[in-house]
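In structure tokens below, several structures.
Each of the next two complexes has chain A plus one more chain, namely chain B in the first and chain C in the second.
Let's look at the complex of A and B:
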């Protein structure tokens, strides 16, 4: 453990932090110190202490409970959005690589470039026009933002697999492009994809917070870190800690998944791994 | 009887990357190459770097399409077949790659690697599949306990045996071997070569055996093609060709073999050509004409720089592309 920690501290930090965050999110589904939805105007804007370890917000809701339920909310949105982006992106990227140099490759990748040119926030605002505000459009917007990232990465990685002799050997065996993609390409690029996914997961949580802060993500009364930050703005002079706690939660979560990605990358990258031996 | 493999007029050009202002440049990797290979025979292909050997292997294996010419296997033009049809034919011609570290998927167990051609040729074998794979492994001298291991658990020589087992599992008629021993330790090269020759005797395989190492080709090949810059410069039975080279380039290759492992050379011709540095990409681009070897040839005259020699019969089964053949 100690030698592993010294060799790959990012992995240990990422694993521990993300495990804690996931545990908190899971616990919040069955237990929180107070009901995060329950308002109590007489108890509004309390400082931390007593029965409210992190104080209360402008409606007298318990901040600790809101943060816990907000973690579950963020993780679910991040998971679905990154998962959808990953599946679509890897599908597109490996298809383009299997048809490298053909018109299919060109059309697919130029379309991806086009999608990549739109910022996530702009995509989200356009989607709200189409389907109305809510968790759904935040997920969709973040997923759309993730597709090009995974498409480009998986195309580049898949091309290097297609260039190997074992891919040529599979063609010599008579395997079809689809079979080679499923049996050789995807297993051999899975490592880099997983690494990227954990980095994207951190970014997705940041994006969800940003969208909710703008009021286009998670809608009230569902707790969201981004909207808590937005609400706290109004009371910054009265109770600045209201902004500090959700801010810290976002920062720690992004740090957790970025470190996890970093650590996994070191584990997967053979050059760095062999250097460690 | 038709030849097993009939290659005619095979030509492949590559468009080299070029800048905005530069005109695109074309490298002719293979230029009008023709030969045949009969069932159960070995044809060695020798030549230096950039002579087009690997391009030839890829075209014969239909991993790449020619710009001109045909590759016929049992009389069937491989490039005229529909993709699905071609995939079904692949059981008849298999390949052994140069470096078994790269030709075996590191994430697959040996059983799955060796079974790969079998799964296409005879899907749904069930429990017989494992037996067929084990038999192929035993034929190359590996124990069936190898089935459940990963490639990195084997030595280089053992990995090349696994690659050979994969090539043989569908009982092909032709095996294309692209430098199959050059990535191996010298101590195991002979073992793998002898294994390949034993397998050829037992199964009547035909080999298209590509190598830069004449000593290796001399060991295994019945007939030899010598290639230089994408063209065949000499062709003939191995023993006659090595003993009595007809092309100055062949002579330079023969003289480069260590004296300990080559056949005696008839030294009536001299002087021996000086060792030349390997050609740069610029030198390999099409010249204004003339013999491609003229720049390095000790016997070249002005005539050689102007006229391109064609492949002409100089004796029984022998052809040389030289204006002033040595033999």
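Let's look at the complex of A and C:
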């Protein structure tokens, strides 16, 4: 264990941190120190201490409880958005690879390039006009942002599987492209995809925080870290700590999944290639 | 070379056109009646009908699309519904904040990222390298708007050195305007600097492993001279390509950061326009933002071809 930790500290840090955060999010669904929705104006803007270990916000709600429930919201949104982006992206990428060099490949990949031109915030902005602000905007916008990432990665990785002898053998033995994709390509590229998913999950948490800071994502009274930071800005002079805790929560969560991604990457790719994202 | 340029240019124009189509469909066709959306729930059928005529919404969608395209090409972007002024003027005004902000952030991130990345690579595996890369990892985990809030807390609220937000305008002089943009620019630049530092480091390390580095060293060139004269020039090719991607992040970042610091730029404008259901402004701005991203990526693509002649003819993945 200790030698494994020395060889791959990022993996250990990522595993431990993300396990703790996931545990906190799960616990928050059944127990929080206080009801995160309960307002108590007499107790507003309390400093940390007593029955409120991290203090209270402008409505007297318990900050620790809000952060815990916020973790659950962030993780769920990130999970659905990255999951949807992954499924769509891998589908598109492996299709393009199976039809490499054809017009299908060209059209698909040009469309994917094009989707890159839309930062998640812009997609979210268009979605608000369409469906009104809400969690759906954030999930859809982050998912759309993830599709091209997974499409490009899975196409590139799938192409190298298609170039192998066993893929050629499968072709010769009469297997269809779909069968080869399902039986050979996807199992072989799964490792790379999982690594990327971990990194994308960190980015999704960042994006969700940004969107809810702007008021686009999670809507009140559901607690969200981004929204808490926005509220905290108003009370910066009175209770500056309110602007510190949610930011720390976001940073730790992103750090957890980034480290996990780095660590897994080291496992999958022994060259320890440190690709700049 | 001419064929390469022509093909890239065609692709660029096609991407811009596709962007315009998507934005038009998403904001003018899908929501149903834009006039009803703009006027909100309190509108009467008469006022909606009047606004429809006013905006030319009774014309067929295809015609409206081409009129809009023509307007975009001639910088005649119509009139903002909420502000009652030409959108082009509004954008020009706000660009005087967003453009300097983005450029400052881009300059800062390269000025911080490249030296740190190069230094870390030259000390690869040593403590300095590990500290630098650990720091980069940490910075990458911090949302830029939280940097913004922490800067306000430290430099504005606690130390009172710099303004907490707002923008005095360039007409009051360079100093105050620059000071107002400094914290937002640094907040915007830090995560990008971390990305550049990591990329530069791995790129320099890759170049250092090349055979010609050994040749240069054995000819008696010092480690330093090899690094700066040969390695860095080769290593910066991938760094340049990421600048295009970086621009896209920065543009998205300004939307957040301008809201943190209450800067009257394009990012804040687009958000106010959404609140006011000013579809004309939203439509023009989304297309402008996306168009800028596409244009910068096109420019980087060409630049890449110029910097690295090996790639000139190769087909892009």
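Quick notes on this one:
Methods note: the second predicted complex is superposed on the first by the 269 of 277 C-alpha atoms of A that agree within 3 Å, B and C clash if a C-alpha of one lies under 4 Å from a C-alpha of the other, contacts with A are read in each partner's own complex, and residues count from 1 in each chain.
Going forward, a residue touches a chain if its C-beta (ideal position, glycine included) is under 8 Å from a C-beta of that chain, and two chains touch if they have at least 3 such contacts.
Computed from a prediction, not measured in an experiment: that's the story for all the values here.
Legend: residue contacts after superposition of the two complexes on their common chain; A:187 is shown touching chain B, with no touch to chain C.
When the two complexes are overlaid on their common chain A, residue A:121 makes contact with chain C while staying clear of chain B. Once the two complexes are laid over each other on the shared chain, residue contacts for A:171 go to chain B alone; chain C is not touched. When both complexes are overlaid on chain A, the residue A:251 reaches chain C alone and has no touch with chain B.
Residue contacts after overlaying the shared chain place A:129 against chain C, while chain B stays out of touching range. Of the two partners chain B and chain C, more chain A residues are in touch with C. Once both structures are placed on chain A, no chain A residue is touched by chain B and, in the other complex, by chain C. Against chain A, in their complex, chain C makes its touches with residues 11, 15, 18-19, 23, 26-27, 30-31, 37, 137-138, 140-143, 145-146, 149-150, 152-153, 157, 164, 195-196, 198-203, 238, 242, 248-249, 251-252, 255-256, 259-260, 270-271, 274, 277, 279, 282, 286, 289-290, 293-294, 297, 317. Within the complex, the chain A residues that touch chain B are 164-166, 168-176, 183-184, 187-188. Those residues of chain B whose C-beta lies close enough to touch chain A in the complex are 61, 63, 87-88, 90-91, 94-95, 97-99, 102-108, 116-117, 119-121, 163, 166.
The touching residues of chain A, counted against chain C in their complex, run 109-110, 113-114, 116-122, 125-126, 128-130, 152, 156, 202, 206, 209-210, 213-214, 226, 229, 232-233, 236-237, 240, 243-244, 247, 250-252, 254-255, 258-259, 262, 273-277.
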